[in-house]
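Report on the following structure.
Here the chain labels run A, B, C and D in written order, and each chain numbers its own residues starting at 1.
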């Protein structure tokens, strides 16, 4: 006999399949079960489309009566593109609702649950909560800070090098690891690099996946003085949108040229470097909820120094490079003692092809 | 019912317990089994002490007759401190011998087995051979090259840094990882650092273990021009032996001063750095079979460049340090492209306290 | 990245949840996936309700275009209560279909797949086929034989006893095992006992489940001479339907009495016992697709002798009863040598509370 | 780094290898460890041979000083064939002793430990105690009851039958299971059957093992009235010793005939069957510490009724036999209700070839 946790896990699996597709919305899965039979299933597939609960109730029809609803996030309570799911649940005649976690938005948390409870329906909260919150870490961060969730991703050798002194970095990691990076780009809505990377490598920063059409994230270029060449691949907005972040002292004529190419310009204050907090505030307003920082080392260091990185993805290739001037993943101003390091906690270590992938988060309180 | 592999695993476990204690000899374990009863067990505990087979036959007494001998390495065939074990086996009336791997010394490999086979005893070779060879990787390397087995060990942050620009490196790794390093020192017979490390940190390079008396390895200092202060901790040979490796142009008076303190001096040619191959040849003659290279970055780089490292042990602390001039584990002459990196294969990844420990070997053919 | 097998497993899990609810239909699950997002899910919940594919396409809407359909059974090709799913798939613009197993009905197997292939859609068959066939073992047996799938279930002590000589059998197994038996009753559509059991125990043969309304199977009583008392609990058809199987020589007046109580009468020939093949043919016509034989020992033996049991579920309680005349699970005519035993293969052994549950099937070729 | 439990497990493994070989003594293993090196290992191989500790100290020599001794049973404290091991330990200069379990003999338990503690050596008791006691379950039972440990072994079909009504039982179980039975015979020192089995099958009751010389247990025949034919295989005491248990009213002349063949006669009182308690008392005096009861059904039932079985080993073949008069493993006087059954607890279920082997013990308090 299946348990509540089995059904909630199914709802989480359904939700997880849409990860990266629902921005700015969370991913949500829902399962309706009656007398042991799954009578309805649903997930939120994309902003603007029906919520998970709607699909589940559609499939269930009259079987919803007396059923249990398993849902990975508190049903919504506001009138948006669709009527609130909490009302749908209230009217559904289900006899019990199991919720993995409440709405992270502090101003509405609990409202959806209250609507349902007030209708006399039993509600339990907290089943597989940790997993549910991990799955929506991006959305929860958005709600609590009104900024994008920032992931720093880099690939290095086992001696901590991302390139030779000439900047040569092909191919640090294996095919399999590179494919995984493109899967990641497919999930985020913004990818950020510094102007140095654009000038050195002229990357397209698009998503290339073998058997499916990838989604290209918005390219975001940190370019304080607007040094970007108009011929850079990232200036071709027919491929994907581009945002350039510059100092508010940047030259108006260059701004105009870039805008004419369809590029959005975000200006922020500049004091020992562009103000990244301001930038994140602006990017979030522009709809960037999920930001992948791909370097280079100075850009990485700015984010590190400002303690703005929410997650680290580090690929380690089975190689020792050496070389006095080989490049490190982070540069930036010097630090005197180890105490100044950002402390992390490892989340997991995976073998990806021949490489290792280490996932880590800033330690709580850091 | 136990299988041959079960008994060989027991022999390997016995052998493994003496790892680091038997140098320059290999570790060897032996198990005698008759009608399912273990009638004799033995291991080689220390050079100069009885071989594994001797202990096993001692315990077995007349039960050896008709028994099966499981031994992790081909029984020896030469007259050394003890008569050859092959003869012991030949005379033992065992009915069958199972050997994990042959003697790595190409000039004697197979001789012990032949002595036994010629006595009409059935011999099988190759059971758990891979495990048996891994266990004696140090010894096998010695036999094939007449040089010590070189392990490079370093601890870095997740962004590849071993110290801040000031050289501050306390405490990159956790207590648990540091304890494990001392367990490693307890196993090797030589630990090597550069003069830079001696001058900067003045380490004792001794083994400190909580509940047991550690064995101090010989300290080996790479000091081309004999800049070592006579007050350095490592010059106190009452604690542990010390070898200083210098250029053959080093000053004779300083050599004398050091010798007076009981330090051994090894002189090698110097051309863009001390000739490490020569040094390894000499160290092996001096009884160093197992060499742990603990840095710094220039010393590491010399070993890397000469492709003399047989094994890597890399501790990765859950920290991001950053800093333009923070220290990397390897420096040395610049390399132009990634193709020049030494390719490795990962052996295992362990969690040691909060840190990761990655074990890797140079890829075959590198 | 999820694999084909992951999505097929999800489809199987969805299907499995309806096991016992879809009779006479098979259980079927379907999942639609586009660019890694699950865009549709469905299962067949109950005969007369939409097929799995219909639910999946309903949820998917326009997302079905270019998606992959994972379905646990070949889409149907006949016009029944609903139009054939094969046509639905054909018109759906999916780009690929993965089918676990073909239709077991030999006269239609492959037709659905052909319809889809003829529309130019890629079809793969056989992923997780073994699991898919196990899940529908009842349905497959029905299609191939036009008879119910027969499961023999009994509970005995570790010395093979189902009751004392007085017939006392309370409580051989534990609460947990008894609950599982009721879960099983909830899944089948017929439960069969002999008249001896009715007379001795007067059971209700209904399903009792703690937190859900069970489905009562049809009670089927083997009662050659219609000895059943009109007061027996199973004659109360307001609780659940009842079929009594008797010899075609049974007394017409008793038949009438029973029919008046709403009981169905099935008459079969009788020659050294009721003809069970005839009976199974009739029961299948009456809609019994899944038959749980709960004994007693003579009834069990008749099924055994006729080699009509498709599956064995044996609970073994941790008890030794002893007693010369204690009851065994099978009696029947004597057998001379062990060769006459029905050979089985064990499928699994589970611990259910303190008891063991052994699942076994007749060995292939038996 | 290895833990105390690792070394104790090694000691248990060494001990286990001699299981069945040390009767009437317990099996014991010992391991000496110094600074992480196993410096001594030993086990008790056979009654009359050195104790485990002696072997371990022999191998260790001067390395015992300061070492830790891991021993699976409290060192002995009495002067027997060898001086007490507790004194040996006391004089060994070990610094710590870890004991799995104390001596089960209540009159000496703790004495050995006290001798060692009084010498100022740290002693810890109880590591892997459960495993150590299971390993010596036979010895512990002997010490507490002065009777053999009784194991009831039988093989039946999945419907609880050990033979057809004609007594045909070849081959209920597979080759693999039969081999395992001979391994078991090799471990015990007595095997008991009833006269019925002797007359029906004329078995030799010897041990046949493929690649080793088995040890034949003493054959014990329950034969109240001395009906045994003088031609029965078990009367040939040149193969293995035989004991016949009869009523004290048995015919003197037949007793003489049997004694002349070298058979030992044990007479016990007879009241509704031979008095099994008396018999066990006598057998223990004759050196039977471990008794395998192999039936038939009446003999099994007598042991069951007297609640004298300490362990059950039940092979279940994947077969359903049926047959009104097929044989059950236990007969004996009838029991009225299930409450009279002997309650067991399952220890483990193994697949042995195609058969299952269930190990069970009487429930505590039964």
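Basically, a residue touches a chain if its C-beta (ideal position, glycine included) is under 8 Å from a C-beta of that chain, and two chains touch if they have at least 3 such contacts.
Just so you know, these numbers come straight off a predicted model, no measurement behind them.
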{"item": "Intersection of contact partners for subunit B and subunit D", "value": "none"}
{"item": "Separation of mean Cα positions, subunit C and subunit A [Å, integer]", "value": "47"}
{"item": "Centre distance in Å when subunit A and subunit B are each reduced to the mean of their C-alpha atoms", "value": "46"}
{"item": "Interchain centroid distance [CA atoms averaged], subunit B/subunit C, Å", "value": "64"}
{"item": "Sites on subunit A at which at least two other chains make contact", "value": "none"}
{"item": "Arrangement of touching chains [line / ring / star / complete / other]", "value": "ring"}
{"item": "Those chain pairs that satisfy the touch definition", "value": "A-B, A-C, B-D, C-D"}
{"item": "Touching residues (chain side subunit D, partner subunit B) in the complex", "value": "1-2, 10, 13-14, 17-18, 21, 33, 35-39, 41-43, 45, 55, 58-59, 63, 183, 186, 212-213, 215"}
{"item": "In the complex with subunit B, residue positions of subunit A that touch it", "value": "156-161, 163-166, 168-172, 300-301, 304-305, 312, 314, 316, 318-326, 328-338, 340-346, 349, 351, 354, 356, 358, 360, 363"}
